[in-house]
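Below: a set of structures, written as structure tokens.
The following pair of complexes shares a single chain, chain A, combined with chain B in the former and chain C in the latter.
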Partner chain A sequence: MLTINNLNFGYKKNVPVLKDINLTLDSGFSLLVGENGSGKSTLINCMTGVLCGSGKIEIDGVPCGSREYARCVSYLPQTFDVYPALKVGEILEFVAGLKGVPKKEVKQAVKDAAQRTNTESFLETKFKKCSQGMKRRVGIASALMGDADVIILDEPTAGVDPKERRQFYRTIKECFAGKTVLISTHILDDIESLADNIIMLSRGKITCNMPYSEFISSLGREATLEELWIHYQEAGNDTVE
Partner chain B sequence: MIRWSKKTDFLSIRYPLMAFLIFLCFIQLMPQVFITSSQMDTQLPPSADNDIYFWMQLVAYVFIALIVCFYFEETFRTPSAHYIGTFKLGTFRTVFLRYVRLLFIMEIIYLPFVYICIFRANKNIRYNMEFFGSVFELIDPLKPIFQCSVFMLFAVTSAMFFMALLKNKVYVIVLTLVICIMEIRAFPILFDKYTLFRGATMPRADYFSFFPENVLSLFVLSFIFLMLTLILHRFNKT
Partner chain C sequence: MFLNLIKLNFKLIFRSAVFWICSVIFIFAFGLTVFMYDYLEFVNYSLILSQSGYIIIILFILCFISAVYFSHNKTVLEQSCLTPVHIVYKSKFAAVLISFMTFCIIPVCFFLVLEIIEKNGILFFSLTILYMVIYLIGIISVATTLGFLTGYIVRPFYAYIFSIPFAVIFSILFQNTIFKIFGYYKDISFRIYHMITMNSFFGEGVEVEYRGPNLNILFLIKFLMTMVVALLLCFILFQVLRGKVRTFSAVGTVFCVAAYIGLAAAFWKYHPVRYNDLEKLYILDYKQQPYEITSYSGDINLKEWSDYSISVGIKKTGEADGLTLRLDQSMKIKSLDIDGKDVDYKRFGDILEIDCNKEEFTLNLSCGGRISYVNELHSVNIYTTNTSCALPPEFAFLPKIDGDKSKKQYDLSVKSNNTLISNLDFNKENGVYKLSGNSQNMCLFSGFLTQTEIDGITFYHASCSRKLQKSFEAYYSRMNSNSISVFNPDTYDLEKYSGDEKSKVFMIYYLYGNNNFFVVYDDYMMYNYGYPI
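So, the complex of A and B:
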């Protein structure tokens, strides 16, 4: 379980980007949504330990910033393109090393991850020659390495066509079942297809954190996802001093 | 235990490394590089002049910079540096250990070629002695080998620093080419004996001491660049 207590962060003094974030992520798919500049990427950077704000971030008592915490988290950035000139298999071996997979088990771990993400036939293909959808699947395979408990995916379906997106949803549902998964997205289709829980961020504040079933009926009437999105974004704007 | 794969490092530099090896072999095919004019004057220190440092330092610098750029590209390029940063490998393992490893490999590859070059230059000096019936001082291979090892230290460290600063290998290569062009004409005028690759152009190389002025500056600059690189990597979070 990932917990965030009283997280505040700003790139400049007196210009807060994240304001008093309190969050608990349990197993299941949580979708982090919000407009551009709402602080989604900053929050993800804090959760992955790249940025350090005031407040507490922990996974089952392990504090953010430690190596142990880093081992518990698997992060897939929006643009996963480490060593694009290498072959897919070589990249996965590299990531396996970074995640501390023992040397003797690397080959098997790569094979397993490729099998689960259906990228086996691409292991000998250069990463830069893969399609956008395939690159995303390789990213998922890399996130599978090390068997982390918390998975953080930053806009994983950006730039992926609808057909590939469907395949992608199936893949991550199968691969990350039972794990704590946080997905940052702009795409309403992602919410509909994946969300167990919705976290809405507006101007650095959480304006909504509830199960998806509650979220869609939260206005007390039948509302579209667009309407709900706008409603909770405006709720954030209203509370800004 | 988390680790940065050595295999990945090798795979990332295999082509520029191969090009560098071909270049070093190619130099051996050009006899004019080793033609050495010597001067002996009881009033002055001995001196020898040839094109070895032009090829083995000035031109080699471009190849070395290329290898370093490929080696450290993913370490410093913003999106991948950000991603790799999430693994908490630390600056020591991500930069310093890999830097030491690369430097060691480059020295191992490069220095034997320097020895061969000096051996051939000495052969030319011996030929001159026979031909002119004069006495010239032979070059002690240890001195140029030491100078070239410091040059390699500078080349690797400076390229790594530029990569840490500019984060894009194209910019680093352009900057390296600019330095090489400046080295041909502007630096000798500005710095005289402190010219980075002294002997590649004017003034002539000092083959008869371990620490001529330029080697000392290369050494100091390497140390400064290394410290700056480690600081840049340590504090560059986004």
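So, the complex of A and C:
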């Protein structure tokens, strides 16, 4: 379980980007949504240890920034634009090594991840020769390494066509079933297809954090996702739990 | 984690086109220098690096721009594993640094070929490789660290352009600017230039070819200075990567600054002293002494800090109050007595005044010191190191009396780590050279030397030269010309020479104000073979 307590962060003094964030993520797919500049990427950067704000971020008591925390989290950046000269297999082996997979088990772990993401036949292919869809699958395979409890995906479907997006949803649902998954997105299709929970950020504050079923009916009437989006973005400073 | 990251970076570097393009450029530049300067038929291939300043500029630029390139690489893969940024870049930097150190293999291969051609022996080859590797490691360390730091701070493409000003500052190209500031051809200008430059210093002068690679204390200090600069840049890089000042890096930075100041002071102290021929070798203005030296006997140990214990037989030839000797100021007196009794003495520079009024006596002297002089042609040509020495006959390594032309009896034991030659008769016994004979003066040269006997004349020369045969021919041709001019060290002038050939001819570097003319002594002759061009 990932918990965030009283997280505040600002790039400049007196200009907060994240304001008093309190969040608990349990197993299932949580979708972090918000318009551009709402603080999604900053929150993810804090959760991955790139940025350091005040407050606490922990996974079952393991603090963010520790080596153990890094092993508990798999992170897939928006563009998995890694070293083109490396082979797919080498990328996965490297990630496995860093995620603490024992040396003897690395080969098997790579094989398993490749099987689950359907990239097995590309292990000897250089990354630069992979298609965009294949690169995304390699990214998922790398997130599978080390059997992390928490998976963070940053805008994974940005720039992906609808057909490929469907394939992507299927893959991550299969691969990350039972895990705590946080997906940052502003694509409504992602919410509809994946969300167990919705976390909405507006101006650095959480304006909505609820199960998807509640979210849909939260206006007391049948509303479209666009309407809900606009409603919670305009909710301003009031946090809705 | 760090090892995994380093392994990954090695893979990336050795698979990158940048690394291999840089390697090819360096091979081409090195090869071009070797062939352009005709080193394949030349003496002492260890001089290639010091004589070819442009190779160092090329190497510096290659390392700098490569480090910028690799510091600009995206680190998405490492980020996806939640690796802290400072560890990602530290490992990248370490991999770049180590990878570019492999450039040392290129000169090693060239030197191996040159060694096979010249056959200078394992000692010469090993010392040359050691010298070259130390020298290149210093340059690669600074260039890579500076490039990586610049690349990390300056993300835009123009970070590469910084290689030019830095290459200028650390190379021979900056010499003119320093000379403009501190004065042309002044000692201070050379010292400051030698302290800053990455190029081999004294490459601007003619180097003594039989010395071999110039591995001495000054070279070691310069290397340490270079490494301290690289380390200082590392600590700055670490602080930039962390985004804040950490105690370890701050202490490291202060340590590096302090170490650099200390090393710079040592560099200044051990930098060769500029000398003038008329003050150090050819003393024309002196007061005739009513004394003669009759003999020298004792032990000499030739190394970077040489020392000796000798007994000098001196005879009075007229009325005098005291004895004035010439002894180079580098040689510090440890003990001095006359016939076993302590006497008062005074030293002023090279002058040693002894309070003595005996008719005939023995001066017992124990001295030690480091000799390192550079002439006005920027050539370090009076020196002693652990593997070589150049002590011409006029130089007051042993005490001498100005104007004393009498013949002396020599009986000396000289310890030398390399081949020793002298105008005296010498033979090697149990690693010690026994020197004996009667002569007006004594010269000692050691290094990578050998001898060839032709027509009853023993020619002493550097052991490394494929063009030597041509020099013998040139010698005979000059000796057989009708009006041969020779340099007279007593008058510092030229004169006609029609005397017999001497039994010993030194065909070694010999540019001690004699402008390449023969210098003839009572029992030997100096012929500058020097640095054949």
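Methods note: the second predicted complex is superposed on the first by the 236 of 241 C-alpha atoms of A that agree within 3 Å, B and C clash if a C-alpha of one lies under 4 Å from a C-alpha of the other, contacts with A are read in each partner's own complex, and residues count from 1 in each chain.
As a working rule, contacts are C-beta pairs under 8 Å (C-beta built on N, C-alpha and C of every residue); 3 or more make two chains touch, one makes a residue touch a chain.
Model, not experiment: these values are computed from the prediction.
Colleague: Identify whether chain B and chain C fit side by side or clash on chain A in the overlaid structures.
Modeller: clash
Colleague: Of the partners chain B and chain C, which touch A:Ser66 in the superposed model: first, second, both, neither?
Modeller: In the superposition, A:Ser66 contacts chain B only.
Colleague: Does chain B (first) or chain C (second) touch A:Lys173, or do both, or does neither?
Modeller: A:Lys173 contacts neither chain B nor chain C.
Colleague: Kindly classify A:Leu51 by the partners it touches after superposition: chain B alone (first), chain C alone (second), both, or neither?
Modeller: In the superposition, A:Leu51 touches chain B alone.
Colleague: Does the superposition put A:Phe80 against chain B (first), chain C (second), both, or neither?
Modeller: After superposing on A, A:Phe80 lies in contact with both chain B and chain C.
Colleague: Determine, for the stretches 278-286, 458-466 or 494-502 of chain C, which one clashes with chain B when the structures are superposed.
Modeller: Between chain C and chain B, the clashing stretch is 458-466.
Colleague: Where on chain A do the contacts from chain B and from chain C line up?
Modeller: 48-50, 65, 67, 69-70, 73, 75, 77, 79-83, 85-86, 90, 94, 97-99
Colleague: Considering only the defined contacts, which chain B positions touch chain A in the complex?
Modeller: Contact set of chain B toward chain A: 1-5, 7-8, 11-12, 74, 79-80, 82-89, 237-238.
Colleague: Hey, which residues of chain C end up touching chain A in the complex?
Modeller: Residues of chain C touching chain A: 1, 4-5, 8, 11-12, 15-16, 73-74, 76-85.
Colleague: Note which residues of chain A are touching chain B in the complex, please.
Modeller: Against chain B, the touching part of chain A is residues 45, 48-51, 65-67, 69-71, 73, 75, 77, 79-83, 85-86, 90, 93-94, 97-100.
Colleague: Which part of chain A faces chain C closely enough to touch in the complex?
Modeller: 48-50, 65, 67, 69-70, 73-77, 79-83, 85-86, 90-91, 94-95, 97-99, 139, 142-143
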